[in-house]
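Two complexes are shown next, each including chain A; its partner changes from chain B in the first to chain C in the second.
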Partner chain A sequence: MSERAATIWIPVPPTRVSVRSLVVGLLVAAAILSAMYLHLGPGTLTPSLAGRRAAAEFFVRALSPAARYESDVMPGTPPLLVTALRAVGVTVVIAASAMSLAVVIGLLLAFVASNAWWIGERAGAQSLWMRLLRRSVAPIAYGSARVVMALMRSTHELLWAVLFLAAFGLSHTAAVLAIAIPFGGTLGKVFSEMIDEAPRDAAEALRGAGAAPLQVFFFGLFPRVFPDICAYTFYRFECSLRASAVLGFFGFPTLGYYISASFENLHYGEVWTYLYTLIALVIVVDIWSAGLRRRLVV
Partner chain B sequence: MTDDAIRALYRQRPRSLYLRVTAAAAAAIVAVSWWSGEFSLDALASERRLRNLRRFLAELWPHPLQGRDFDLSVAWQWTRQILADRGLAAAGTTLAISIAAIVLAGILAALLALPAARSFATPEPFVGALRPAGAARAAWWKALQTASRSVLVFARAVPEYIWAFLLLILLGPSAWPAVLALAIHNAGILGKLASEVVDDLERAPLAALRAAGATRAQIAVNAIVPATAGAR
Partner chain C sequence: MAAGASFVLDDVRVSYGSCVALDGVDLTIEPGEAVALVGPSGAGKTTLLGLLNGAVRPDRGSVVVDGRVLRDLSPAELRRARADIGFVHQDLALVPNVRVLQNVLHGQLGRMSFLRALRAAAFPPRRAVAEVYEILERVGIAEKIYEPTRRLSGGQRQRVAIARALYQKPRALLADEPVSSVDPARARDAVALLVEVSRERKLTLCVSLHNLELAREFFPRLIGIRAGRIAFDRSSALHDRDFHALYDLAEEQVS
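Now for the complex of A and B:
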């Protein structure tokens, strides 16, 4: 008795190479190889005098953003700040429409691409149809949903924009679809992983009480991940705002359009005005979503 | 449990005005967006657009195969030609730029995530309620936190393209502008996400370490890094 009590187990750290150090080592090796491939050296990192002067010219204007246009404009053009606010409006409109579409796409795909509702079910009490559905249809749907999501998000929103520009021209529809498709794919992937990794306690209890698979999903699993889904959706909304602004480089009247136009005209003051508007927009959403996270993710 | 008891529980459920206002505001923004944006599929129906789209889709098919039956040897020849011309080199450059950029972004984000985390960048991390700090120290940490968060917001709010333009002007043509532009922009994103992961860590073990006299650096190296290194 006393001998046994004297035995103290001291965990001995494993001596083999851990996965983490392996990953870190591989990353470092990959980074060094990439740097060599690209001829990244300190030599090309030192800015030229002209470059330094041009960059200084740009960054000095950060302290004095333009309050009005830096060149003559057509009579009837709204003031600069009004233009900036309108651009914010268009940016938000496109981002919000795209995001609402992406959430619907993402939730539908996530339901099909999560294995929680059809794997690990006791087969005994099921009808023949349900068993057939689980054995054949569900895995196929699961696999194809994963492939579809990968295709949707592996093409960047700017490339989707090229496709939809050809179909719809410079319209809201083109911008919204260009953002909604890759974002829908990303949301679907992340949502489905959240659902599959969520604690199954409530789901098991419901299942034990005889609930049907869909009831288990909607009352046992989905409520558990709903706060995470909301928080992540909000973060992606910030991303879609930035994506919507960047689509302006193609000519959609969002903030990016005015940023690139002013940049090309060397009107750095105007560039900073638009950049500050974009930054303010991102900060507002950041603060809003931080408050949301504090209340949702405990 | 009787129905009354269930109803009483239901009435006591946690409710938050903030969440309700957020839900209402989000619904309103979405509704206004759909209503005010000029969405129409008419554009698709216009003859010119349809022709454009059809030509665009037709051009997606390899050029030597257009207007003839599919021939595997021609397709293979075309693929090999493209890869040999610039395809492989371009793919290699893309991969190398993204690896170099994401490693730099990860390092920058790791450096900024701790001072940007609300739970860490305070005079007394994790045990703030137990040991009230002086106003000067509180202001110092608040300033550090605000500065780090501002850097992160600025880095990710300025589009990659603007960063690339600027760096191209500054550094001239090499791979650096592309690598640095992606690194800066993504450091802003990764840093924000990492600081949120640190904020979401279980507080009790960290507070125990601090209460036992661990320094900030000791907590960071021995508790926060191991707990967050594998986090999504």
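Now for the complex of A and C:
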């Protein structure tokens, strides 16, 4: 007895810890090997003399963005700032239309892809039809919605744009769809996870008061996640502005179109004018959404 | 208006996996009775309340509410039966980011179609608002009717939860540890309110309570639960021996 009391006994940690450290070690090794394979290092970043000069020229112009076109333009062309503001307008309109569509798609998918609405009554008899719905129809719908969302968002909006350009040509509908599809998939996934992870206490209480599953979902669960859903939607709206601007590289008349055109003509001042408009736009949206979010959360 | 609901548990057993929560429970609660469930945490009080409102399905035995065996009801019938039982949850289970009015209106969801509920949520009918106001007045927070629920204090939120249960127009009121969500000074008020409104509306009342003093003060009948079984079921005009039994329970709570 006294012998045992003298030795200090330490509980042995579960062996899973060593498995975890093995996995971490493998990941670190993989990172190092990838870096070696790609010859990553500062040495590869040495630019050519011409390249360095071009870059310097470009960044110096950041201090003096153009107020008017840097070359002669066709008579009747609106002033540079008007062009920039119009491009902002198109960028915003395409982003907003795409987001509106994406929110509808996202909410519909989120509803189907959350398991919150088909968890049923625990006591009481269940009809065959209800049992069929819960055991097979609902899980199948749930699974397919998850697959659809994965397909929608695994393709980048630029790839969707290429696809729709080929199919429909350079139309606004193509641009809107190219953004709405991947964004809808992402929104659906994130919304459904928010819904499934939300506290279920109020939902259970409403079920206890005799509410039907759909009512439980819309009155007990959805209001709980509504502020989160709004906040995330605003964040994605900022992303869609950027996506909309970048779609201009394919010829849609958003900011990206003018940026790439000016860049190719080496009109760096114009490029900076457009870039600053884009930055200003994102800042304005950020301030606006922050204000809205604050009011929603309280 | 019909009097309170009656409850009969017949040799009920409930287990969660390998953990037996209740076993061999026989219990009858008459219409209009006021009953306190006392016992240490984990004894099975919450499970017992869950049986009474149809949230928990027994492995064995039957739960009979107003002469109807819950197990035999179709989902729709069960929903209707549950609409007759108001439940004040331990964590109150309100939706925090809607107005008090909406939370109380939720009480009647069980009696509405989905579309009517949507319309009532968007444009609450004047009569419904008046009725909610009256109930909130009764529980003492009428001025909070348009306040976002999250801005209320714990005690006020509890009153919202009670108001929601009352707006349900139930025939029985169940409350799980109504004193745990408020400070001790308000605990007595909360229990008193539950007892009074149940008496006024002739509702059957069943409340689980940690606090033996409150239970003895307000409830004519006490049911002691220990380790998933009914330890005693007495009127609260206690003999010394019963009081000692209760006292043992209290000791257990402390340890």
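Convention: the second predicted complex is superposed on the first by the 255 of 298 C-alpha atoms of A that agree within 3 Å, B and C clash if a C-alpha of one lies under 4 Å from a C-alpha of the other, contacts with A are read in each partner's own complex, and residues count from 1 in each chain.
Everything below uses one rule, namely that a contact is a pair of C-beta atoms (placed from the backbone, for glycine too) under 8 Å apart; a residue touches a chain by one contact, two chains touch by 3 or more.
Note that the structure is a prediction, hence the values are computed from the model and not measured.
Asks: Kindly classify A:110 by the partners it touches after superposition: chain B alone (first), chain C alone (second), both, or neither?
Replies: After superposition on chain A, A:110 lies in contact with neither partner.
Asks: Does the superposition put A:206 against chain B (first), chain C (second), both, or neither?
Replies: So A:206 only meets chain C here.
Asks: State whether A:138 touches chain B only (first), chain C only (second), both chains, or neither.
Replies: neither
Asks: Classify the contacts of A:130 with the two partner chains as first (chain B alone), second (chain C alone), both, or neither.
Replies: A:130: touches chain C, not chain B.
Asks: With both structures fitted on chain A, tell me whether chain B or chain C touches more of chain A's residues.
Replies: B
Asks: With both complexes superposed on chain A, which partner does A:219 reach: first (chain B), second (chain C), both or neither?
Replies: It touches chain C, and chain B stays clear.
Asks: One more residue to check, A:152. First (chain B), second (chain C), both or neither?
Replies: neither
Asks: For A:178, decide between first (touching chain B), second (touching chain C), both and neither.
Replies: neither
Asks: One more residue to check, A:285. First (chain B), second (chain C), both or neither?
Replies: A:285 contacts neither chain B nor chain C.
Asks: Shared contact residues on chain A, chain B side and chain C side combined as an intersection?
Replies: none
Asks: Contact residues on chain C for chain A in the complex?
Replies: 53-57, 63, 70-75, 77-87, 89, 91-98, 102, 106-112, 114, 117-118, 121, 148, 164-165, 168
Asks: In the complex of these two chains, what residues of chain B are touching chain A?
Replies: Touch list, chain B to chain A: 16, 18-19, 22, 29-30, 32-34, 36-41, 43-44, 49, 52-53, 56, 92-93, 95-97, 99-100, 103, 153-154, 156-162, 165-166, 169-172, 174-176, 179, 192-193, 196, 199-200, 229-230.
Asks: Using the touch rule from the top, collect the residues of chain A that touch chain B in their complex.
Replies: So the residues of chain A touching chain B come out as 20, 27-28, 30-31, 33-35, 37-40, 44-45, 47-48, 51-52, 54-55, 58, 92-94, 96-97, 99-100, 163, 166-169, 171-173, 176, 235, 242, 245-246, 249, 256, 259-260, 263, 271, 275, 278-279, 281-283, 286, 288, 291-293, 295-297.
Asks: Along chain A, where are the residues that touch chain C in the complex?
Replies: 120-127, 130, 201-202, 204-212, 214-215, 218-220, 223-224, 226-227, 298
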